[in-house]
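Both of the next two complexes hold subunit A, though its partner changes from subunit B to subunit C.
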Partner chain A sequence: MVRIALCFWLTATSALAGEIWVSNEKDDTISVIDEATLEVVRTIEVGERPRGITFSKDYKRLYLCASDSDTVQVIDPVTGKILHDLPSGEDPEQFILHPDNKHLYIANEDDAIATVVDVESRKVVAQIDVGIEPEGMAVSPDGSFAVVTSETTNMAHWIDTKSQKIVANTLVDQRPRHAEFTKDGDELWVSAEIGGTITVFDTDKKSEKAKINFEIKGIHPDRVQPVGFEMTADGKYVFVALGPANHVAVVDPKTYQVLDYILVGRRVWHMAFNGDQSRLFTTNGVSGDVTVIDVSNLKPLKTIKVGRFPWGAAYRPT
Partner chain B sequence: MRAALIALWAIVQRETLRFVSQRGRLLAALVRPLVWLVVFAAGFRAALGLSITPPYQTYITYEIYIVPGLCGMVQLFNGMQSSLSLVYDREMGSMRLLLTSPLPRWWLLFCKLLAGTAISLVQVYAFLLVAFFMGIQFPLAGYLLALPALLVSGLMLGALGLLLSSAIKQLENFAGVMNFVIFPMFFLSTALYPLWKMADASTLLRDICAVNPFTQAVELIRFALYAEPNWIALSWTVLALIMFLGGSIWGYDPSKSMIARKSG
Partner chain C sequence: MLNDDRWMFPKGRVLKPHCVKWLGCLFACVSVAFVTSASAAERLDVVIGYLERLIPPPPTLSNLDPVPDDLGWAGAKLGVAGNSTTGKFLDHHYSLSERRVPEADDFMAEARDLLAVTPFLIVNAPAEDLLRLADLSEAKQALLFNVSAREITLRDTDCRANVLHTMPSRLMLSDALAQFAVKKRWTNWVMIEGSRDGDKALGNAFERSAAKFRIDLKSRKTWAFDADMRRNAASEVPLFTQDFPEHDMLLVADEAADFAPYLPYNTWIPRPLAGSVGLMPLTWSSVVEQHGAAQLQSRFRDLAGRTMRSVDYAAWAAARVIGEAVTRTNAREPDVVKKYILSDDFELGGFKGRKLTFRSWNGQLRQPIPLAQAKAVTALAPVEGFLHQRNELDTLGLDQPESRCRAFGEKNG
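The block that comes next holds the complex of A and B.
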């Protein structure tokens, strides 16, 4: 009996064994949230204005865009120590790690370029001229395309990862902030902050397939500004951060219909799932906290205070 | 003992019959908080959420915030309505019939109080059911644990009504109760705004709200609906219940009471 109980307890606790790492833009720190207790367990000092944050595929390294330090920092997640910097180009904001776990595609907001860095040799492999103020970065699941969105040019630039050259440009709505491929690689989703939409592209044709609009009762349409979004692996939901609307939209990726709006903190920006995708952690910049959403019932569970202006989030199993 | 229980049963039955026969009463008890919920809450910037204060763990909309306060409002109105019926009973003479019973007067008053509270519980749960279908939902444990909290708050507010009825001679005077008891108690409480919001306007106002027994009753209900205890609110509510009940037992004692002095 005791063994069975112990077994249940171990299963229950191991199901929630991980951390959410949150970059705090104005504090120059990372807050580490324990997935089980939903409390901040560590605060790590990093470079200036940390924004984009992601782990290597084996979770042994953390890559962090320290935008005002003009570098990408590589951090040991166990010790929290900064190991070395990567040559990122000026003002790196967002990046994406290629499925080869070797090449980092970085958007350099001030220089209108995308920088490709080899994380092993720590050398710049390529610099590609893109539109003005590049921000969103995505790589197709098969690794053949990287996509950069430029905020001022209002375009998604498709880069062939073999030749490191732009092969197509597609217009999107005003101020595209974030891009993401679906798990099967058939679609590319791009959010437009001022346009207030998400545009869905057919990857093969590189043409628009659908457009998603958002409308929240009692909130002026100007405040509804889609920024970061995440897709569940089972293809059931896409969660979209709506910035100053203080809500996360839940979209059905099959019908492109908005299913629900979930109230979170002020100026919700980006988000990350935990390991089994049972919980979603959203970074709320202005209120300086992270809201935890229960994915099974689409309800907010708890809001956790972190540093000032949390920006990005990434999950790491422990 | 048996006689006491018979009296309790008879009084509860009488109050229930009265409640059932007044069909508009349940409707009125439901419509009042629902109007607040639908109209008043919508007028506020409901969509952007309120700051996090216990027992809330995350941001909530204004509709969610005011539901415990509206439960309190249902009980406050019910308590006052019960006291109104006592004044009516006195005028009609049925009160004399009740008080000639050989049972102790405090027991008769307590039975009356319990009967009124039981009716307020029915009203509150009916309101919570409607709110549930409007999408304002609480954890299941909250619905269960709200029962003892609502019982204590209902008794306290009913006892206040009892105390007032001992001091009011005529039905016509009841309008004053509305102006000087119900409105100040409701508006100077955390039913509509959290205490920190009151402190923004004035610290004196915040202090008045904090000592208002209705505030404590609302906070007791609010925490209970999230299956969390609030011992301070419970202590204040029980203390107020003892004071109001003691006062009304004294008020109804013919040898010392206000009734005797007034009629003599």
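The block that comes next holds the complex of A and C.
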């Protein structure tokens, strides 16, 4: 009995050994949440208006868009020290690391440009003209396409990562915010905040395949505004943050049907899974907290107070 | 580039010499497009006209905050620049053609001239000029965007099927303030209004909103001082406001901001001020920053070297409405564009936190109204709790059952 309990305890702790890093847009800090205790264990001071946040593939570096400092900061996640800056172009908002672990595709919100930076040589490899207010960034799993969405131009721009040129532009609904490829790379999903939809594209044809709408009883449809979303690796769920509707939608990626709506904090923005994807951490901008969702039963587990206006979230194992 | 063939050569029009120049340009552009974009959709050139009646603003006591020379015009430029960025990915090409007509010049002649170039006009002119323009036979198939006239009648008995309004009516503004007052339970009002026509009209709108939202407007006084209030507001204003009955809020209707700046802190009893000073219901303000507005503000500042104002916003929105409709329909015929704009499919992201659409029964752009003070937005109307069977934005201004506009057809909804 003791042995079983001990064994359970060991697996439980090994499964929950990691951290969720949250960028606080209006506090110029990162809150680090321990996934086992669900407490903030560290607060790290960073550049101005931190938004996009992601780890290198080996988790040895954290990349952070410090938008108002006009730079991407590279941080040692163990010490929390800022190691150096990357030339990012002006007002970097969001970015994506290419599967080669070397090229960072950055959306420069104020400049209608996407900047490609080599994180090793710390040099700008390319700058690509895109629509107004680029934000959502995605790279296909095979690395062949990067996609930038522009909020005011309402397009997804498809960039060939070899030539660094735009090869297609596809219209989406008003104010696209976030883009993700499915794990198999067959589909690209793009959320439109003001349009209130997610558009699903066929990657090969670069044409619209499906459109997902959201409806929450008691909330006016105009206030249901999809922003960030994440897909589970097993292809079972897509979780969609619905902004001022204060809910996360659970979508079946095979049928495109909404399965459930989970109440979270106010103005839910982005999210990150923990390592085994048993839990989902959502950033709630207006209430200044993070909601932890139990993925097994789709119920909120806990609310954790972080800094002012939490924006992005990223996971690293420890 | 003015190479919209449909609007350059309407049937029976005589080609003017400068048209011939455009003709050359037209062929040059078409041949370039043919060579460079064989695979893309057909090239589309869209000219957006900007027509302004330059009327000197009325004199005000303070000259600290003059009306910018390019009010509205700068907004139109930013909107067209935005359209062009989208357009370059679609082979859609936008240009802006402007006529800014001094008060003494022939406005209608300039208007006709511009209508020969394009059916899409952004109009920054008083209501009477707008109506004369709308009733021109040349304007019958055109699509005019009112970006400055706030008259309620333009959305009501004086509406026109070829006029859309991106500027809110005075009633939308006053309803926004009334909703906020109800939420705060500041439902006893008194009001000071100026003596100009616009001030009276705004005062009437406040009174109408008070009735609609069951606010008690207890007293309404006209400001009638000739003296320079910069020197003696502290002695005059307390006396002027002393005989007001007890109230929660003092409303001020002074559209040119002539005397309103001298009222705060000088009233007989301390009560919040609202309307043309204090808490102001506005189409746009430099303090609007949420919902991505900070980006629009900074783009405008880069372009114009000043902050964005309400007429700039309305002109920007008008240009974007045209651009959005052309983008989605892949057409530039005014009837196609208008039909799409008034349909359920149309939506515009306008940095006000929710999609902007048109009221299909009177051509008014639905939009949230910021209630702004000097340094921040205090609330955004529709205020939480004001519900509507169809669209909460229709709690602001004339709703369908009240509107006597019939130009858009009886059955529109």
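By our rule, the second predicted complex is superposed on the first by the 312 of 318 C-alpha atoms of A that agree within 3 Å, B and C clash if a C-alpha of one lies under 4 Å from a C-alpha of the other, contacts with A are read in each partner's own complex, and residues count from 1 in each chain.
The rule is simple: a residue touches a chain if its C-beta (ideal position, glycine included) is under 8 Å from a C-beta of that chain, and two chains touch if they have at least 3 such contacts.
Since the structure is predicted, the reported quantities are computational estimates derived from the model, not experimental observations.
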Inset, instruction - Return first, second, both or neither, reflecting whether A:Asn169 touches subunit B, subunit C, both chains, or no partner chain. - result: second
Inset, instruction - With the two complexes superposed on chain A, say which partner A:Gly195 touches: subunit B (first), subunit C (second), both, or neither. - result: second
Inset, instruction - Give one of first, second, both or neither to describe whether A:Gly131 is in contact with subunit B, with subunit C, with both, or with none. - result: second
Inset, instruction - Would you check which partner chain A:His178 touches, where first means subunit B only, second means subunit C only, and both and neither mean what they say? - result: neither
Inset, instruction - Check the residue A:Ala112 against both partner chains and state whether it touches subunit B (first), subunit C (second), both, or neither. - result: second
Inset, instruction - For A:Thr291, select first, second, both or neither according to whether it touches subunit B, subunit C, the two together, or no partner. - result: first
Legend entry - In the superposition, subunit B vs subunit C on subunit A residues touched: C
Inset, instruction - For A:Thr303, decide between first (touching subunit B), second (touching subunit C), both and neither. - result: first
Legend entry - Touching partner for A:Met155 - first (subunit B), second (subunit C), both, neither: second
Legend entry - Doubly contacted residues of subunit A, that is, touched by subunit B and again by subunit C: none
Inset, instruction - Would you tell me which residues of subunit C are touching subunit A in their complex? - result: 82, 85-86, 89-90, 292, 295, 298-299, 327-328, 347-349, 353-355, 391-393
Legend entry - Touching residues on subunit A, where the partner in the complex is subunit B: 216-219, 246-247, 263-265, 291-292, 300-303
Inset, instruction - Give every residue of subunit A touching subunit C within the complex, in rising order. - result: 109-110, 112, 131-133, 151-155, 157, 166, 169, 171, 173-175, 193-196, 220, 222-223, 225, 244
Legend entry - subunit B to subunit A touching residues, read off their complex: 42, 45-49, 52, 57-61
